[in-house]
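In what comes next, chain A is part of two complexes: it sits with chain B in the first one and with chain C in the second one.
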Partner chain A sequence: MLLRTSWRLVAAAAPAALWPRARAPTRGLRLRVVDHGPQSAVPSDAATAPEAESVLRPLYMDVQATTPLDPRVLDAMLPYLVNYYGNPHSRTHAYGWESEAAMERARQQVASLIGADPREIIFTSGATESNNIAIKELEAAIQPDTSLVSVMTVNNEIGVKQPIAEIGHICSSRKVYFHTDAAQAVGKIPLDVNDMKIDLMSISGHKIYGPKGVGAIYIRRRPRVRVEALQSGGGQERGMRSGTVPTPLVVGLGAACEVAQQEMEYDHKRISKLAERLTRKIMKSLPDVVMNGDPEHHYPGCINLSFAYVEGESLLMALKDVALSSGSACTSASLEPSYVLRAIGTDEDLAHSSIRFGIGRFTTEEEVDYTVEKCIYHVKRLREMSPLWEMVQDGIDLKSIKWTQH
Partner chain B sequence: MAASSRAQVLDLYRTMLRESKHFSAYSYRSYAIRRIRDAFRENKNVKDPVQIQALVNKAKRDLGIIRRQVHIGQMYSTDKLIIENQEKPRT
Partner chain C sequence: MAAAGAGRMRRATSALLLRALRLPVRELSAPARLYHKKVVDHYENPRNVGSLDKTSKNVGTGLVGAPACGDVMKLQIQVDEKGKIVDARFKTFGCGSAIASSSLATEWVKGKTVEEALTIKNTDIAKELCLPPVKLHCSMLAEDAIKAALADFKLKQEPKKGEVGKK
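Coming up: the complex of A and B.
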């Protein structure tokens, strides 16, 4: 009895942060990294082997694949995952009303970021669904010569910015619908659907420090753009996308858009500086490095570099302390070189040597410096092992070699 | 409500920085400290009391966010990043 009371007193006194049992079990992939530095006090619930190795996580430099949640976004979402759990389409009680108010507030936040009217924003499960809705419009076209132009605003592999405003004006003058997949661009570069004459735009939550599983499609009202619904059901979202709108997720998307609008200039300045630092340091220390993509029309946070005479996958494996990608995540299962690099005319061997460095809102100078240092070290090491590099050093022109007998 | 004095603003600044140092995630910790410093520095010459009050109110809301998110982050914390052993000063 006495023991139980004293335990309860202790539990009441200790804040959650000091109470180890309150911590959720760690689910991260335990990276076995040999730590040559002084032993750090890494708090860990699971029993770690009594070796000199400590378990440390790699740096995250793959923001084009996905981004971490901004703490401000999670803070906005949590109330709707705890107490405000109503269905936003329930019209008869306070739970529904407060959920609907949150949904409409989020809609306004998304609209404000791209210069649209809230009535032109439909929530979806992500940019992929939005793209499908937009393309399906092509099949629903009434006139025989109506067509659709669809262009990515910022490419996710090489970071190139397309001349959206120019394309928009051409399409509008030819009475052709213009759709853009702005997943990598929203909240990072200024976008205005009216200035750029955009008719349809796809937005993704998890590319702008928002939650995964949510996105939006912007559909112009004046002049009206007709789209056909992909999924039918209860007629939610003006009949264009049936299904209960997930309030916690859309609140997160809205908060992410609002934060992005506030932080766009600050982030862009910082990311540009870090990108310049990364590229300059690598190019200064390594020869035969090519940056893929037009350097003038380029979003700084996505740097795609080809390291000649080094195989991209082996460089990625060597850089195990840094989370990177070569080519886009959506096609990473196949071994074919990126279609984007092929399209810009990159040689096949250089296309296989490309690595994409992603710099985002949370990337620090230390992370960039560490990544650069490891990259330079491993490229040099891999080149030392490469017979091709040896031949190049001896002055042989690789293009003149006949690799096959027949 | 009385207008925010210089002392109050400085106090808020120090409190925000102190709280931010408790973020267990390297990314959030470094961002919060950097952003708070840069935001206060950027607005240090604002003279209009109404604007100052609006900025102070927003900072107080952000302090609430930091406190809650630090707490949540500590409850769900995981292993440190590879560079956290090598660099001790948290920027």
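Coming up: the complex of A and C.
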């Protein structure tokens, strides 16, 4: 046994170039895993490997943007990337049969997470494609006055939970289709498509610790919801989404859904505790901090705080060893403040001051404490540099000032 | 869980390996593509943050921008009797590039005369800080701040209306 342990130690210590292994997301503070930089596809000479500089990576607090692969998901996917590489639509040999079996197993895993029938799940390349298929259905609708209601289940910026069950009941009583983009909600809060009367649902793999590049759309069979295919081809996925289904990716999605179902309650409790810790500590030490979004109907893992008199991007630059986001990742390239914050009536200057903290399955208490400590320090520092803070301290009402541009 | 144990072991051996090979380890300053190290430097090693007495006759105060736009700069200059800027201070509500632009502006106006300070252009500020196109407006606001401070100083030097009427 001693030999086996020492062998494992040696195996672990060998440079990654010689022994390409998947690294599990390292829990713990200040990920001190030595990062040799992205590996090239072609195996390079061992002599050139040491040239790569090693870096300390930032803490990851941006789970709304994407999540790391759960190690259990990777374990499920690997055989289908290495050995069982058949096309799941090949009907004539064992490679195809085993891939098809895996695909159907994954379909069942996704369906059971949301209380659906496996025949109602179509695999896509992600929630965006699913949304497009769902919306396109509007044009294919038969009744002239049909409308489609499309609501996000959990908002990705402020974490607010929409009253999906109530909306679903209203829609079904008015015979209107109801679609929901559940990318941030699946596997995090309990969802049942029948209880909530959901007709269409978009699911994203990489938001629930699954692989990127895969998602699913739930399409109700009873009563039948007709959708129009976005891409045409060989008629796979009941003709609703042609293209070979990527077995390793859907196996990953299925595994992620199953793991999520098992871990949902525990994760929710743990994340709620960490979120409460983060908010309480920050609010206790800093004045003039506003939490955006309804505090009651809120998913705890997404905390959006506005630090008055401090601009969001400068705080992100200051918190350089924590990966965070200010506003939605989708709009980070524009100069506009977040449209979500504007829609909930946040003052424009507070919208520029917002930071989104994402707490996920692998976030630790030490990471939260470190982030809080750094955040408090840098907000205080930036407020010392802020003319608005100075004016407020002098008793000036900022709303009374005529600014030079708008 | 075995995975956690293996992770800990891998971390320990990685740390050992690091020390053994003595690889250069640097902090991943972030995001390297978005913030130039000159911009980060102005935040981490601030120069001239603060305030001058705005009631003083020798101090010009420029306040430009708007909180609704996410950019507000306050730039103050202290001018001596010969018209030379001897001190400058700034405070900024804005992104890293805005802070750096206004900080650099205070560095550049110091030692210049009022006329020379008027020649500072936003393009020079942007070039010095290697600002990307999306952040050019920060350098423009810094130029506006300098001009506003100089204009305020000039206004203070004008004889008061009351004095004109005096005999």
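Here, the second predicted complex is superposed on the first by the 348 of 406 C-alpha atoms of A that agree within 3 Å, B and C clash if a C-alpha of one lies under 4 Å from a C-alpha of the other, contacts with A are read in each partner's own complex, and residues count from 1 in each chain.
Methods note: a contact is a pair of C-beta atoms (placed from the backbone, for glycine too) under 8 Å apart; a residue touches a chain by one contact, two chains touch by 3 or more.
Computed from a prediction, not measured in an experiment: that's the story for all the values here.
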| item | value |
| --- | --- |
| Which superposed partner A:57 touches (first chain B, second chain C, both, neither) | both |
| First, second, both or neither for A:310, with chain B first and chain C second | second |
| Contacts of A:384 with chain B and chain C, given as first, second, both or neither | second |
| Partner chain in contact with A:68 - chain B first, chain C second, else both or neither | first |
| Touching partner for A:370 - first (chain B), second (chain C), both, neither | first |
| Which superposed partner A:147 touches (first chain B, second chain C, both, neither) | neither |
| First (chain B), second (chain C), both or neither touched by A:398 | second |
| Larger contact residue set on chain A - chain B or chain C | C |
| Which of chain B and chain C A:349 touches, first, second, both or neither | second |
| Which of chain B and chain C A:321 touches, first, second, both or neither | both |
| Set intersection of chain A contacts, chain C complex versus chain B complex | 23-24, 26-28, 33, 54-58, 71, 321 |
| Chain B-touching residues of chain A, taken from the complex the two chains share | 16-17, 22-24, 26-28, 30-31, 33, 35, 37-38, 40, 42-44, 54-60, 68, 71-72, 74-75, 266, 321, 361-362, 364-367, 370 |
| For the chain C and chain A complex, residues of the former touching the latter | 3-4, 6-7, 9-11, 13-18, 21, 23-30, 35, 39-40, 43, 46, 49, 51, 63-74, 91-96, 98-99, 134, 137, 144, 148 |
| Chain A contact footprint on chain B (complex, rising order) | 22, 26-28, 30-32, 35, 38, 62, 65-66, 68-69, 71-87, 91 |
| Residues on chain A engaged by chain C in the complex (per definition of touch) | 8-9, 12-13, 15, 23-24, 26-28, 32-34, 50, 53-58, 71, 309-314, 317-318, 320-321, 323, 333, 335, 337, 348-349, 352, 384-390, 398, 403-406 |
